[in-house]
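Next, two complexes with chain A in common: one pairs it with chain B, the other with chain C.
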Partner chain A sequence: MLNNLFKKKPKDSPTGKEANTAEYLGLSKTLEKNIALFKSIFENDETLVIREFQNKNLKAARCCILYIDGMVNSEIINQNIILPVLRNDLSVNIESDNLLNELMCKVIVSNDVKEKADINEIVGSIIYGDTLFLLDGYDKALIISTKGWQIRSVTEPDSAKVVRGPREGFTESILVNLSLLRRKIKNPQLKFRFKEIGERTHTRTCICYIGNLASMDVLSQLEQRLEKIKIDGIIDSGYIQELIKDAPYSPFETVGSTERPDVIAAKLLEGRIALFVDGSPFVLTVPYVVVENFQANEDYYNNYIFATMNRLIRGFTAVTSITIPAIFLSLVTYHQEMLPTPMLLSISSSRQNVPIPTVASLFIMLFIFDVLREVGVRMPTPIGQTVSIVGSLVLGQAAVEAKLVSAPVIIVTAITGITTLINMNFISATIIFRTLLLLGAAFLGIYGFLLCFIILYLHLMSIRSFGVPYMMNVTKAQNHDGQDAWIRAPWWMMTTRPKIIGGRDLPRQPQSKNEKG
Partner chain B sequence: MKRIKATLLTLMLLISCIFFAGCLNYREVDEFSIVAGVAVDKEQSGQYKLTAEVVKIGGGKDTKTTSELITGEGKTMFDAARNMISVSGKKLYWSHAKVLILSETVAREGVGKILDWYGRDPETREETLILVSQAETAREIFDIPENTEDIKSFQLGQIITNEKSLSKAPKTDILQFAIDSQSGKAATVIPTIGLKQAEKKTVAQIMGVAIIKDDKLAGMLDGEETKYLSFIKDEIKGGILTEEVQVRGTPTRIALEIFGSKTKTSPVIQGNDIQMNIDIETTVSIGEISGNGNFIEEEGRVQLEKLAGAVLKQRVEALIEKIKMQYGADIFGFGGKLREDRVKVWNSVSSNWNDVFKSLKINVTATVHIKNSAGYTRNLQESESS
Partner chain C sequence: MRKEQIIDKEAICLLISFIIGSTLIVGVSGSSKNDAWLSSITGFVMAVPVLLIYSRILTLYPQKDLFDILTLVIGKIAGKFVTVVYTLYAFHLGSLVLRNFGEFMNSFAMPETPMIIPLVAMGMVCIIAARLGVEVLGRTTTYFLPGIFLILLIVQLLALPQLHINYLKPVLGNGITPVLKDGYSAFAFPFAETVVFMGVFDALKTPKSPKKVYFLGVVIAAAIITITTVRNIAVLGNMLGSFYFPSYEAVSRISIGNVIERIEITVSFVFVFGVFVKTSVCMMVAGKGIEKLLNLKSYRSIIIQIGVLMILFAQIIYDNIMQMRLWAFKVYPYYAFPMQVILPVIIWIIAEIKNRKIRKMYSNADQKAEDQQ
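Coming up: the complex of A and B.
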């Protein structure tokens, strides 16, 4: 069925190879022709700046630079390209016949100059903020690195603030991001492999791993999957995250993402592989298992008892956010004998004269909570407060007083909502499975609840992330893998890396010394 | 094709689960009336009259839960229970009922037939407590003005639960009664509830037990006797032993608080002769001395211990004698004990156990240990005079 739908897709899809630039011939030896060539390539692109100039002594040295306005550092162009070429007494200083080479070697002041003839490469470089240097009489050109656009400074990411820990976060610039990581792991084994994805956007991505820790299977698997991506554009790493996912229909993420360099560094040290995407401060990590949803970077910087407690809270609330409405519903509408008598009486008294059935009011209230959450995200911050006041007052108190819903339903909704927000990592899974469990409980009580819970469990057990079982560590308590799952073992006890992630060079600190603690 | 087959099979299994899983009716809590307790009476006409105390829940801000009585008549218990719907309008919900009160008339006719429906029905609970009413009808108990709790049945349930520190009424629920009557015991006991006038108010008092012999009410014991019954059955959880001692000619009352008690019952067989040895060992503390006399020092204490032991032995013996003479019902569970320890002997006497019980020789020994004297180390009156 689905295949048929895809077959109808028009032939000239946006993923079709961009053919414009390839048609052009190479550079010619006349400066004017070359300039005309680039003008035609960048037709209707008025950000292209073309500046022609001549050396004051050597008339033959007619030059031209081309760059994109806003992508370059003008100071470098003025001081290091135009000024030396203009002022230098070329008629005296030039020794060889190859003027272009002489200029590159002796005149232009830049750390990165390349001689290029391929039009595609040249155009790519211009777009990426380099300056093209053309010289009359040469069918080759110089590409001078002058990248210098505005980038956001390195600040603490809003999505993951910490009380204790490094306060830097990734930016939108891939090179800055890589430098942030490099500063944390000073090791030549730290490998960076670039790859361009996106037929039209040519987004730069970088696979990053520690050569003697990462699993080669996972690496080749990742490369294969990236190879298969044929999409016109990558705006954020979220595109790739979804394109390389193991279980495409599952609401659970099998590729991790983070905005923090310290998290990436720690994950690389565990044998994972990171994928940087230019333009996105979110860096992906694979393999990604379920316990990583409950791990926070602060766990490793704080006292291990406190960290373990926090981690258990996250795990517990993850379960409650999915199950609480369903359990409440089945107890109140199917299995009243399971409630203690005083509780039954108080629930019953709050239900008096309420017209909407419990199951309907639960669905409505949970839906309204999600609406409020979404409004809170979309609203500009100053208006956001109004929403929360109106939402909590009107929907909470007034609805109960007006006898539209019973108070316990509001309480259950509130608990569910709050606990959902603790685990934002898998909020889509929470919402879907919460609804599924609630439906099961609405039709069959505890029996239906358990049935759907088993479905959830089987689903979780069936997922893999790059060959690693998603539920790994959850059921284990022994060393290696259990030390960092539901608990965070003290650092002096964590002597090995997780076995199943990278699987190479397991010891992280000598064992005997640390045994005594 | 295989996949479709597997899916269909799974679906069929799941769907059949739905139909065979039992009670699966969605009902809101406000759709039924919660029964808190039931009283069973018998009319002159031979019909059962069931009175249910139903929780009346008021909605709104200041919620006050009160109760109302609903009466239904019918040829059997179930019939009467269903007839109540015609009065109440809502369906009755029995799972949270705390007490089941039987009138004396009903209990004399037979307890088992009343409890059959109650135990058999899936909604009613086997942990409902049974009581036998000493008042004329069982319904009267629900007419008392409310006291600590708004709902009288819950109040009664509380009384029984808290009465373990008194040991004057055992906690008997339907399950316990069913086990007792099924496990070959000829007699068992159910706590009794009576009405008492106090400060111009009628209050309910749970004290003493009713003796059920061969499923029928045979007689009643008062609270004090019930305490010694608990001693024999090793069910003492607390309570007070009061002793009267002569100190320089004036009687002094001493209350001993029971901390723990262990009773060992063992049958002794010599030929055809069966005897029962009962060893009671009780740990107490001096809870109150209303008078003079030194009972803290070694000498006085040992004397008090001996006295208390002797009194306990005498009262236990008196109770056994009374039961043997008046009722001939083995409410102490001696038969069960014999079956546990000497099954062969039991098999030979079980057919006429009631007669054997009447002539059974029972040797009682009672030891009382005084552990401490609570907060005081000497008497209040003495310390004032010295």
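Coming up: the complex of A and C.
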């Protein structure tokens, strides 16, 4: 299968098409013709820099370098390519006839130099920041690695800040990201497999896993799905996340994403597989099951009791963010007898003189909350004060005082909104199913709520992530799978990896190996 | 497509919810008055032999469902005929259960809402479940059942102050005949209804487990039904038979310190969930029967039509709730007898004979092979 993968590559590679339209002749032996060839390939692209020069001692050594401005480190080019070639007394130092080879071996100072003749590969490398070195009289060229563009430095990601734990986050450069990961897992079993996706953008992606831990089924499935992607451009890993999803219409994510190297390292150690995408600080992980929505990296660094409590809070709020409005609605409109009398009285007195029915006011307030949330993300930071004042005072207090909505509705909306924000991972699912449950409750009271809740569960049970049931199939789960699900067991207790992911070599701490043996 | 698989635990949970679902709320037949709990035990005891037969048939033909077994055992033509019988039975049973739910909603929860609305709402959820298949249904049930047990337990504990144990006396005051009669009615509804599970238990992962699954499931369900019946009698006394939905009535009398009262809605949670499981399973089995009958690729393509027909059938099946109770307790046991007892027994006997023959042939062949060696 691997062979197939590599064989297909040149055929799929769209550079072929572009080169075909220009001239698919290959390099010629004259320097001028070669330069003209590259000029025609990069027609109307004025970032291409062509610099011709000549060794002062050996007149035959007419050379030329080509690179894309801005993608290269010009210091390397000046100091390690041009200077040695210009200054070196070639007429004395050169022994064999193959001048190009001699230059590569003895003159050019670079850690990565390759001799290439294939136009497609050469063009690809130039675009990716390498420098092309042409020599008169040779139909081969040298590709010298001179990549050097501006990248964001490694900082703490804004999307997931921690109090305790490593503070570095991924950047937009795939190689920096891989090095961040490599620094955490120093093991030759850590495998990296590159693959280009995107007919036009040629985005580099990297499948990363630990050779003797990851499940081969999942790996081959991932490769098949990536192979099937035919898209012209990948700008962010979000594209791939949606393209390789198991249940495309489901609002639940079945592919995880994170910005933190420590999370990726931990997931790889559990037998998962990561997918790095160049240009995106978000790295994908598969398979992804429901409890991962509630796991935070800090859980594993803090005391286990505290971590368990936080995790339970996340799980509980996830349920409340979906169900609270519907339960409230069915209690106050259909099943008032369930409420204790004093509570019922206070609720109904606050509902007096309110013209809008509870259902409508709930929908309106939840919608307004979502509007506020979106404004909070989109607006420029300096005018943030306005939104909070308008949101809290005008829409909350003033609306109640003006008798447009009742106070309990505002409270329910606030609880729902805040609990939704705790679990940003599945906010789309929360919004969809919250609306569904609310409709059910408006329609048939608690019975409608219950029926819609059953639909939600049926949906959750039916989706899978790369063959692993999304809800982790409680009945099949072993003791050690539960240790890291709704609770976080102390580290000395978690002796095995989660079995459900399908990884191999389950023992994580040596004593369990003894038990097993 | 991947073959669906359910493990024993999921199958047991399915069976429990299937059995307790409608029975918990409709209750066992009331003519035995305060001995109704005895009749639920009697019903379970009566059900043991047929359960043995069901599980034996399934064990003889592992990974095969009822309709495959019918063709294998009694031939193609007769098999098709019996397939029609079972398909209609599953279809009818599903409609009956759906109608139970409709009647309950119509007479207690929402008297002013036309019955078709709760029927359609429930029917749609069941269609979704039946389309997703038995594996998803099994897993969902396994997730929900602990919650259901918790509700039952809490309600049971909260009912303690209302219990009057002396309502249970005199035990067998009216003689044994009404108990046996009601026991038989409890045998037919709900215990022997588990015959429809033969249509979906081809998905069982381990081939030897039908016996274990059937027994654990039915024993737990019978225990729950008996305990609930005891509670209902102890709360309501002799009036038990005069209520349409005794559990609902019994729980509505719970009142703890003016805070926890009118919690009968929790009973209807159990009821809604049970009806959902039962109707979905029946829908699935009816679909599978038609799939085998018409040689379709998958029953999923016709499940929506079956579901809609079931909803409509449920709408016209009874005129009123009196007729429903009359049917459920007086007519149904005799109506269901062929499907629940006669046909399984015939299939079992023929299957046993055929299997003996095959085994003999195999052992003869083995011996011959040994002789030749």
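Just so we're on the same page, the second predicted complex is superposed on the first by the 479 of 517 C-alpha atoms of A that agree within 3 Å, B and C clash if a C-alpha of one lies under 4 Å from a C-alpha of the other, contacts with A are read in each partner's own complex, and residues count from 1 in each chain.
Note that a residue touches a chain if its C-beta (ideal position, glycine included) is under 8 Å from a C-beta of that chain, and two chains touch if they have at least 3 such contacts.
Everything numeric in this text was worked out from a predicted model, so none of it was measured.
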item	value
Three-chain arrangement built on chain A, chain B and chain C clash or fit	clash
First, second, both or neither for A:Gln509, with chain B first and chain C second	neither
Chain B versus chain C as contact partner of A:Ser462, first or second or both or neither	second
Contacts of A:Thr386 with chain B and chain C, given as first, second, both or neither	neither
Partner chain(s) touched by A:Glu337 [first = chain B, second = chain C, both, neither]	both
Partner chain in contact with A:Leu450 - chain B first, chain C second, else both or neither	second
Contacts of A:Gln397 with chain B and chain C, given as first, second, both or neither	neither
Partner chain in contact with A:Met471 - chain B first, chain C second, else both or neither	second
Colliding stretch - chain B into chain C, listed as 5-13, 95-103 or 221-229	5-13
Residues of chain A contacting chain B in one complex and chain C in the other	334, 337, 341, 444-445, 447, 451
Chain C-touching residues of chain A, taken from the complex the two chains share	334-335, 337-338, 340-341, 440, 443-448, 450-451, 454-455, 457-458, 461-462, 469, 471, 473-476
Interface residues, chain A side, partner chain B - complex	332-334, 336-337, 341, 344-354, 357-359, 403, 442, 444-445, 447, 451
Residue ranges of chain B in contact with chain A within the complex	14, 17-18, 21, 23-30, 34, 55, 57-60, 63, 65, 93, 95-96, 98, 123, 125, 154
Complex contacts: residues of chain C adjacent to chain A	7, 9-10, 105, 109-110, 113, 117-118, 121-122, 125, 128-129, 132, 136-137, 139-140, 142-144, 258-259, 261-263, 265, 268-269, 272-273, 276
